[in-house]
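Here the chain labels run A, B, C, D, E and F in written order, and each chain numbers its own residues starting at 1.
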Amino acid sequence: MPKVTVHRKAHFNAAHRLYREEWSDDKNFEVFGKCNNHNFHGHNYELIVSLTGEIDQETGYVYDLGKLKRIIKIEIEEALDHKNLNLEVEEFKTLNPTAENIAVVIFNKLRKHIPLHLEIEITLYETPRNFVTYSGN
Amino acid sequence: MPKVTVHRKAHFNAAHRLYREEWSDDKNFEVFGKCNNHNFHGHNYELIVSLTGEIDQETGYVYDLGKLKRIIKIEIEEALDHKNLNLEVEEFKTLNPTAENIAVVIFNKLRKHIPLHLEIEITLYETPRNFVTYSGN
Amino acid sequence: MPKVTVHRKAHFNAAHRLYREEWSDDKNFEVFGKCNNHNFHGHNYELIVSLTGEIDQETGYVYDLGKLKRIIKIEIEEALDHKNLNLEVEEFKTLNPTAENIAVVIFNKLRKHIPLHLEIEITLYETPRNFVTYSGN
Amino acid sequence: MPKVTVHRKAHFNAAHRLYREEWSDDKNFEVFGKCNNHNFHGHNYELIVSLTGEIDQETGYVYDLGKLKRIIKIEIEEALDHKNLNLEVEEFKTLNPTAENIAVVIFNKLRKHIPLHLEIEITLYETPRNFVTYSGN
Amino acid sequence: MPKVTVHRKAHFNAAHRLYREEWSDDKNFEVFGKCNNHNFHGHNYELIVSLTGEIDQETGYVYDLGKLKRIIKIEIEEALDHKNLNLEVEEFKTLNPTAENIAVVIFNKLRKHIPLHLEIEITLYETPRNFVTYSGN
Amino acid sequence: MPKVTVHRKAHFNAAHRLYREEWSDDKNFEVFGKCNNHNFHGHNYELIVSLTGEIDQETGYVYDLGKLKRIIKIEIEEALDHKNLNLEVEEFKTLNPTAENIAVVIFNKLRKHIPLHLEIEITLYETPRNFVTYSGN
């Protein structure tokens, strides 16, 4: 059967701040610039989840996008939307919430719920001009 | 010569319905949900056709996008635009018109008209949030 | 208090067909072209609902957009999404479902649920290139 | 001379929280929902500044958009970008940073720098689906 | 009958240069900056034509958007697409091709072809961040 | 460490013309159509630069997008923005400025400034409907 990638878009809004606790304020500002602001700033994150696999001959689906929408809602949107990533999301208490790291966290959260014969790719827009892609390697 | 991918966007509007004739109404609704509506619903499909190959040294083109535009117009838009996919398009009389299957059908239609040294990839948006990609494997 | 317009986007997918029953097939085709197809075609309709009024001094809101989102969901999306407008939506059994008429129907449906001190404007995209605006006059 | 409106887009990222100090936590949550989160959340704000006036016969401009870009950069982006609106922006220490109020604040900040024969309109996207418009009345 | 605005998008690519012949190079550069480049630069202009009028009771249309599409194609796209506005378009031989002036020229070209009971508004994007609106006053 | 791709968008406006000096006018028009116009035409080019590599454990970055933004500004935007590609950009004095060739030139310019352990991919939109991708092979 032909192998197709199906994509589903979602989004969430969150606050974050980039810094390393063990660095001085000067070093943090030098590396992370405005993103180091102590009082946080925020983004409308746009997320694309992509699943690659063979088309099921009976349904014509690679994966039911309605089901994927519900998994994203429960596992990602409810965990991250309108949250302060540094203060309220377990994974980022010891991990800098850069777009790169958020994409890896989202990948790992979804990997547990998506059948293993399907490859996953995560695209995460932090702003309309800055975005990242991660596919689990 | 460098290998480049050239992309061309197009679109068409169509009605469709997802179902399997041999299934009960209940099973069809369970699997396809609102997309199973007997009276059809519809979409503005956005299509991206991508061709990969070496740049021609004389023209600087991988493939003339004006020519690709005309092939898409004749082979895809005239065949699918403002059509009911289930009732009026031969390929979908026995094949469920999911985005996955439509992408495969479009790939096969274009494959006959594009020189074989060029790889083809099809991206098809069913809605701004649901889309699929197929490259012929 | 300053007067501000607040806007909320939503969308729905539907099938429709443009025609007048009392006209001949030829006249219908002449006037409505491909949109007259007997077997229906469809669109992803994008909807913007705009409410204009004074900012409430206590909340800083003109109108709670979460509440507007729920009204649009119940009154518009559940009534029109994945429907065949001609066959399944009462208002279009005797009214041609042009973008203009759909915008007027949506306006009238929402007018009953939005406080009268707020002006309403409806913007409805039938395709990314064709859209209409209606504000109740 | 013909009257034309010229528009310039800009953007900034910020954190905020909606609440009234004198209300209970319950009432704040009831009115502002997830936007009331104590630890802030954030947005990529997209801003459109629109100026209406007569075309200058010599230049063909209503207003130099390069100049408008610099005014927006200094007065709006440097004041709001990567900031926590509640904690770091004077105007929102006593004013709820709803999209409505942010639009009014931006209008007032720009009004001082734009010649009085030009009308100003502010469009502010808080998310791609929620936005507001204000023109000074 | 309800008054509705119908909108149609189109686009064209063109080269232009902003300058006044009677000004020195220094003054031209001071006023028009990079847009004054002697060798021209260019844009993908996005155009929205908006017509306001009553819905026709028989068709449900304010104006047939297919017809508007053809008028825009002949009067605007064929006149401006892939052209050098300064050198090849009559109207701009003595008029600076700013976005403001191009919008006025497009308005005047269309006014002759659109019935007088319909109001016209022109929106012209010079870039995704700079655009203008003109409605004939 | 996980391998992630980070993307940064930028843009520039330029004029160009497609032709081969040694060909007749007829042959040039036959191959390049309207793009062969002697007086040039132009585009708003949208550029996406994508870098693939491992996440740095200390910063959580693959590459500082602020730094990438500055490199793109100096190496690409200042070299190409508001320029006539054929007349003013060294690389295109003997190379046809097709989207394919512009992407290759941008890739080569950036390759010198980006550490070698990072892969580069260039996506270049000539118009919203025509675009190309190049990753250095």
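Definition applied: a residue touches a chain if its C-beta (ideal position, glycine included) is under 8 Å from a C-beta of that chain, and two chains touch if they have at least 3 such contacts.
Everything numeric here is computed off the predicted structure, so don't read it as measured data.
**Q** State which chains count as neighbours of chain B and simultaneously of chain C.
**A** Chains that touch both chain B and chain C, as defined above, do not exist here.
**Q** Which chain's mean C-alpha position is the greatest distance from chain D's?
**A** Relative to chain D, the chain with the farthest C-alpha centre is B.
**Q** Counting shared numbers against all numbers at the contact of chain A and chain B, is it over half, same, or under half, different?
**A** At the contact between chain A and chain B, which are copies of one sequence, the residues are largely different (under half shared).
**Q** Which pair, A-D or C-D, has more C-beta contacts?
**A** A-D
**Q** What is the size of the turn, to the nearest 5°, that moves the C-alpha atoms of chain B onto the matching ones in chain F?
**A** 120
**Q** Could you give the separation in Å between the centres of chain B and chain D, each centre being the mean of its C-alpha atoms?
**A** Their C-alpha centroids are separated by 41 Å.
**Q** Report the inter-chain centroid distance for chain B and chain E in whole angstrom, where each centroid is the mean of the CA atoms.
**A** Measuring from centre to centre gives 33 Å for this pair.
**Q** Roughly how far is chain E from chain F, centre to centre by C-alpha average, rounded to an integer in Å?
**A** Each chain reduced to its C-alpha mean, chain E and chain F end up 28 Å apart.
**Q** Which residues does chain B have that touch at least 2 chains other than itself?
**A** 128
**Q** Under the stated touch criterion, can you name all the chain pairs that qualify?
**A** A-B, A-D, A-F, B-C, B-F, C-D, C-E, D-E, E-F
**Q** Tell me, which parts of chain B touch chain F in their complex?
**A** Within the complex, chain B contacts chain F at residues 2-10, 50, 55, 58-62, 64-66.
**Q** Considering only the defined contacts, which chain A positions touch chain D in the complex?
**A** Residue list for chain A touching chain D: 11, 13-16, 34-35, 37, 39-44, 81-84, 87-88, 127-128.
**Q** Which bits of chain B are touching chain A when the two form their complex?
**A** Within the complex, chain B touches chain A at residues 18, 20, 31-33, 95-101, 103-104, 128-134, 136-137.
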